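Here's a structure for you.
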Amino acid sequence: MRFNPFVLPFLAGTIIFFTIIIFKFYSWIHKLDKKQKYFIKKNLFTTKTLSALSEIFKEALVHRKIYKKNPLLGYMHMSLAFGWFLLIVIGKAESMVYNKTPFGEPWGGIFFRYFVTDPHSFSMQATFSFVLDFLLLIILSGVALALIKRFRSRLLGIKKTTNHRLFDKIAIMSLWWIFPFRLLAESTTAAIHHNGSFLTNSVGSILSYLPAGAMELPLWWAYSVSLFFFFICIPFSRYMHIPTEVVLILLRKYGVGAGEEYSGYSDIQINSCSRCGICIDSCQLDFTSNFNNVQSVYFIRDIRYNKLSDDVVNNCLMCGRCVEDCPVGLELTLIRQQHRNKHEIVGKHYFDYAIKEENHDDVDVVFFAGCMSHLTPGTIIAMKKIFNKAGEKFWFMDENKGLCCGRPMRQQGFVQQSKDLISKNSRMIADSKAKLLVTPCPICYKSFKEEYTLNIPVMHHSEYIEHLVKNNKLKLNKTDLSVVYHDPCELGRGTNVYEQPRNLLRKVSNLKASDFERENSLCCGSSLANTVIELDVQIKIRNHALSELTKLKPDILATACPLCKKSFVHGNKAKVMDLAEIIAENIENDSTADLKFQKNSVNELVL
Amino acid sequence: MDSWGFSIAKTRTIDIDSVDFKVLARLTDKVPSAKRCIMCGACAATCSAANFVDFSFRKTHLLFHRGQFSNISEELDKCMLCGKCKLVCLRGVNTRAIIYNLRIILNDMNYKRIAL
Amino acid sequence: MKKKNVIVIGGGPAGIEIAQILSNYSCNVTLFEKEPQVGGQIKRIDKLFPDFIVQDEMMQKLISNLEKTDIQIHTDTEIKDIEQIDNIWHLKTNKEEAFTADAVVLATGFKTFDPKYKEELGYGIYPGVITTLEFEDMLKAGKIQTSAGEEPRRIAFLNCVGSRDEKVGNHYCSRVCCINAVKQSIETKELLPNAEVFCFYMDLRMSGQFYEELYRKSQEKHGVNYIRGRISEASSTFDHRIQIKSEDTLAGLPLKMTVDLLVLMIGVEASEGTTNLSAKAGILGEYGFAKSLSLHLKDNLTKKEGLFLAGACKRPSTLREVIADARAAAFEVVNYLKMEING
Amino acid sequence: MMEKKYWKDYQREIADDDYFYHRSCIRQTFFPGSEALFLKILKNELGKNVTDDPNLHTCTGIGYHSDVVPFDTTMTIVARLLSQMNKSELKNFVPSCVTTFGLLSEVLDTWKHFPEELEKTRKFLKEATGREFKIPENVAHPSDIIYKNRKVLKGKMKYQLVNKETGNPLKVVEHIGCHYAKIFPENTTGGAEFPQVLAGMIEAWEGKVIDYPERRHCCGFGFRQYLIMANRGYSVANTKKKFESMQPYEPDFVVANCPGCAMFMDRWQYTIAEMEGITYDKNKRGIPVLTHEEMTGLLLGYNPWDLGLQVHQVQVEPLLDKIGVVYNPDDKYVGKSGIKLSEPQRPKNI
C-alpha cells in the first residue's frame, strides 16, 4: 500500500463529500411523493436507465445544449467536466494495470505519478502518461477559459455572469488551482524521474533549474489540499450541480414530474442549478430595466439559502424565456409557481353565484372569449364573422361577461379560489354538451388545456381557423402585405402552438420573420404574472419588443393574444391586428371586408 | 336593567386621526402607482366580478386609504384577479398588485374575514 | 396732430402692461393706482403656478418696462367718479382732482372673497384657519407655522371657498384656486416633508397646460391626499387644533379629522373699483364685474365708446391671460385713437 | 389676530314687559320647577307683568316635527293661542319651550311671505272656533328675557358661577336648542354659529364658556329619532359624541334653554353609563345638566329642592358644593307636605 500523508486531505475531502451528498440525496428522494417514487421503482432496472446514462454523457459531460447555444462556453464546460472524468477513469485504469488488481489504493490513480517514478515499470505506461498529459492540457485550456469568463464574460459571448456567494468563491478558487498544481507536481516529479510525458516532461525540464527535489512534496500537498477544499465546498456551492444533475437526468428519464406542490423533486432541481447565469441574458426584465436580482438563477439561489423574498418571487413575467435557455432544463417557472402557491391566502369563496345553465347540444363550438378579449372587441367580431362564414354554429359562452378562466388567479398562488372558477366553468361547459371549446386568449387556452379536465377538445382560435381552412370550410385570399407575427408567450412557449398562426398568415400575406421567432419570442410586457413592476417598466419591455418586431417595417404586426395586442397597440409604432381580425379581412369573395387590413395611412401612425 | 331593546349606534364617520398611516405606506411602498389613483372608477366599471356580485374595487381601494380595514379582505376575495382593471386604468395604477398586496397586508394583520 | 390722452385705471399687471405698450404710441398715458405702489393683488403670491416661477422676478420685469417709460403714475389715488361728456372722459379722484382723457382703460382687477361670510369655517375665530394669500405670505417667508409658531403636522386645503356658492351669491368658478391648492400642497411638502397634506375638493379643475401633470406629481412624488368632499364645519379642539367635518363622497361616509392649519382657497370677486366704476360708466356686468361688448370678438371694448377693459376686471383670470388680454386691449386703444407708433 | 365677534352682527329686539306666558307641554314633566321658577323670577325679582293663562294648549310642535300634524292644523292652533293672548290685550308672546319659539318663527315668517296662508288660517280659525287673532308684536323666549336682564339679576344674586374653593370661574358648556338658533339665525341673539343667549348669561355671572368641537352638534333629542325605539340608538349616539367631545375640557355643568336638550343630555348620560359603563366626569360620575331657569334660580339663592333638581338623573350635589349653595341634603326627597317620599332607585355611578 503506497502511502504518503499528503493523500490524507484528498481522502478526507472525498469522504466528507460523499457522505454529505448521499445524505442529501436520500432526504430528497425520501421527500418525493408516492407517485414519483412509484415511477422510480418501475423504471429503475429498464432501458430508461441506459438512455438516462447516454443523456448524462451527452449533457453532464459534453454539455451538448450549451455547445449548441455557445460553442466556446460549451467547450469550456466539456473540457472541464469530460476532461476531468476521463482523467479520473484513465488514471484509475493506469493504476489498475500497474497493480494488476482493481482494488489498489483509492488514491492510486490520482497520485500515480508520485508513487510510480520509474518510466518503464509496465508496458503501456508511455501511452497512458501521454493520454493523461493530453487530458491535463485540455482541462488547463478549460480552466483558462473559465478565468476569462469570470473577468471578461463578454469575450465568451455572455453579457452578465452571476455574482457569487462565499462558498462559490472558495470552490471556484480551489477548482482553478487543482490542475495547475497537478501539472506542477507531476512536472517536478518528472524533472527528477522523467516519468512524465510530452507535457509534464517539458515543463519538468524548465523546472529543473529550480530545486525540484525540495518543491516536489509541497506541490503534491498543494494539489491534494486544493482537491480537499473543492470537494468539501461542492455540497454548499453551485458545484452541487455536478452530482445532482446526474440524479435529475435519471429521475426525469423515469418520468418523475414536478406537480404544483413543492416536493423533493423540486429540491433536486434547485440543487442542479449551476448558477451559470445564462438565464440572466434571456430575461427582458434585465436588459430593458436592469432588474438584476430576480432572474431564475438568483431566485433559485435565494430558495436554496432560504432568503427568498416576496419581491423576487413575484417579480417575474413567467414568460418562459429562461426555461428555454436553461442548459440543465430546469422547470424554473413551475418552481416559481410552487413558491407562489406556498403563501396562498384562502379567501372566502365568492364565485358560486348562480349562472343559468344552458343546453347547447345543437352547437358545434363553445366560444370562450375570456376577460381580456372583451377589451379587444375587434377579435370577437372577427371570430363571429369567421364562425358564420364557415357555417359553424357556436355558443358565445361569456358573451355578457362570464367568469375568468382561473389562470391569472392561479399564477398568483391562490390555488383554491382558482379551482372554484375552474369547476364553475367546467360545469357550464359540460352542461352545454358542446363538442369543441375555442378561445382566442392563450392564457385561457393554457388554462383549459392544463388545469381543466374537460371532456371535449380545446383549441386556440389559430388552431381552429387552420382546422377550418384545412377542411376548406373557409377560403382565404392572399394579399401582398408584409406581416410579422409575434408569438404570445403562453401560446408559443406556454402551449407550443407555433406553426398554425404562421401557416394561416402565409395564406393571406407574406410573412416575414423577426429576430425573435418561436421559442425566443419576446414578452409584450403586459404579463399578468408580474405584480411588482409598474407601468413604466412594462412600457420599456414593450417598446424594446416592439422596436425588435418592427425592424423590418411590416405593414401589419400580427399577434394572437388580446393582452399582447393591447400592449403593442399602445406603443403605436405599428398597426397591430389579432390573427382572427386578419383572417376575417381576407375571406374569399367577402363583400363586408372593411379594408382595415391595408397599408396604414401615414397620418394614422407615428412611426 | 340589561336589555334596552336598542344599542348605541356605531359611528360611520371616518376619523382620519385614528388611521394608521404606516399600514397605508406598506401598500404604497410595494405599489407606488397606487398614489396616482383619482378614483375615476374605470376599474370598477370593467370588472368581471362586478357583473355577478356587489363589488367595487375603487371603493374598496379608497376605504383602505381611509383606514377602514374591517371588511376589505372580505371584498377582495370577490376579485378574480383577471387584470382587466389594470388594463383600462387611465392613471397607470397597478390595480392587480394592489389587490394582491392588500390581501397579504391585511392577512398579516389578521383582519378576520367577517361574513357579509 | 395733438397727442391723445389715455388714462389707465389700476396698476396691476394688466394696467402696467397696457400703459407701457401705449407709451410707445403718440399719446400721454396716465396710470392711477389706489395702493401706495403698483403691482396689484399678484404681489402677495410667492411662486406662480404651474411652473413655480418666482412672482417678484416676473413682476419686476413688467414694472421695470414701465419705469423705462415717461408715464405719469399716480399712486395712492383712487378714481371715484367717471363720466363721458360728448366722447371726452371726465374722472374725479379721491383727492378731488379732475382728469380728462380721450380713452380710459379699466384695469381695476379683482379682490379675494372675505371668508367671514362662511362663519362656519371659523375664519377670524380660530387662529389655525387662514386664507390662501396668508399662506402665500408664509411661503414667501419660507416658514410654514401655526399661530403658536410650531411646525404643522397636518394641513388641509379647502377648495371653492366663496366660489360656486349660492349662499354668497358667487355661482361662478374662480378658475385659479384648484391649481393654486395643488401648487401650495407641493410647496408645503417641499418645506415640510413629513407633514400630511389633505386637499378637499368638489371637482379638481386642472384645465390649464401642465396642471394635470402637477396634480399627478403632487400625488405621486409628494403623497398629497385628495378627498372629494366639502368641509362644512370647523371648530377648535382642546389642544387648540382645528377639527374639520366633511363627507368623503366617494366612500359615501362622513369624515372628520383634526388639522393644525386649514387653508381656505378663497375665490375671486370683482374689486370695489371694478364694481363702482363699471356701475358709474354703465357697463356693470354680472357679480360686479365689468361687461365687455362681446365675449369673443370685442372682449376689450365696452358699450361706451373710448372705454376699454383689460385683465381680471371682466372675470377671474390667470396672470398669463391677464397679460395677454392687456396687450389685446392696447391694440384696441391704438386702433380707436388711430395713433401711430412713436418714431 | 383679535378674535372677531361676528355674533354681534346678529341682534334682535326683545320685549321689555307685559309678557303672555305659554307653558310647554313636556318641560313640566322633565323639569317641574323651571316654569314656576321663571314666573317667580319675572314677578318677584324683575317686577314684570306676566300672565299665566290656564286655558292654553299645545303648539303641536312635536307632532308637526314628527310629521304627524299637518302644517295647516299647526297654523290654526298657533292662531288660537294668539287669539287667547289677544283676549288679555297683551302683545308679547313668551313661549316657554324652544320648539314652540322655532315653530312660531316659522309660522310668522310663512304668514309674512305668503299672506294667503294668513288669510287661510283666519278662515280656518273662524270656522273652527269663531275666534279672531292678531299677529303678536314680539315673540321672546324666556332665555332671551333672562339674557336681557342678566345684569339686573346679577345684582340680586347670592352666588356666582365661581368655584367656591379655587375661586376660578366654573367651566360651563352651554347648548342652545337648534329650533331656537338654527332655523332663523337672524331672528336670534348671536346667530346660529355663536348664539349668545346662554353664553351672555354665563359670562355675565363670572362663568367661563367652553367652545368644544361638537358645540353646535345636536343634543340627541331629535323628535323622530328617540320616538321610535329602532332609531333610539342614533339619538343616544349623538349625545355620546357630544360628551366625548367636551370631556377633555372637564366642564362643571351643562346649561340648556330647551326641554329636549336638557332632558336628553341628562337622561342619556345614565343610559350610556348603564349600557357602556362610560361616564364623562373627572371622578367617574356624570356632568350635571341644568335648564337656564334652574341656573338662574340657584344663583339667586333659591332652595335647590324647590327648583326640582332632585328629579335630575345626574345628581347635582357636586355642583351645589362647588358653587357653595347652602342646602339640606336630607330634605332632598321630602314632599311639599313635609312627608319623606320613598327614594327613587338611583343609578350607582351617576
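As written, the chains take the letters A, B, C and D, and residue 1 is the first residue of each chain.
As a working rule, contacts are C-beta pairs under 8 Å (C-beta built on N, C-alpha and C of every residue); 3 or more make two chains touch, one makes a residue touch a chain.
Quick caveat: nothing in here was measured; it's all calculated off a predicted structure.
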Problem set entry | Pair of chains joined by more contacts [C-beta pairs], B-D or A-B | A-B
Problem set entry | Approximate Å spacing (C-alpha centroids) for the pair chain A, chain B | 38
For this session: State, to the nearest whole Å, the distance from the C-alpha centre of chain C to the C-alpha centre of chain D.
Result: 47
Exercise. Rounded to the nearest whole Å, what is the centre-to-centre distance of chain A and chain C, using the mean of the C-alpha atoms as each centre?
Worked result: 66
For this session: Among the residues of chain D, pick out those that touch two or more other chains and give their numbers.
Result: none
Exercise. Of all the residues in chain A, which ones touch at least 2 other chains?
Worked result: none
Seminar exercise, completed: Two or more other chains are touched by the chain C residues none
Exercise. Which pairs of chains touch each other?
Worked result: A-B, B-C, B-D, C-D
Exercise. If you look only at chain A, which of its residues touch chain B in the complex?
Worked result: 310-311, 314, 343, 345, 347-351, 353, 355, 371-372, 374-375, 400-404, 406, 408-409, 412, 414, 417, 421, 526, 528, 531-532, 534-536, 563, 566
Problem set entry | chain D residues within the chain C interface of the complex | 1, 3-4, 6, 191, 193-194, 211-216, 248-249
Exercise. In the complex formed with chain B, which residues of chain C make contact?
Worked result: 196, 198, 204, 216, 219-220, 223, 225-226, 228, 248, 250-258
Exercise. Which chain B residues qualify as touching chain A in the complex?
Worked result: 30-33, 46, 48-49, 51-53, 73-74, 76-78, 80-84, 86-88, 92, 94, 96-97, 100-101, 103-104, 107, 113, 115
Exercise. Given the complex with chain D, which residues does chain C contribute to the contact?
Worked result: 116, 119-120, 124-125, 127, 233, 235-238, 243
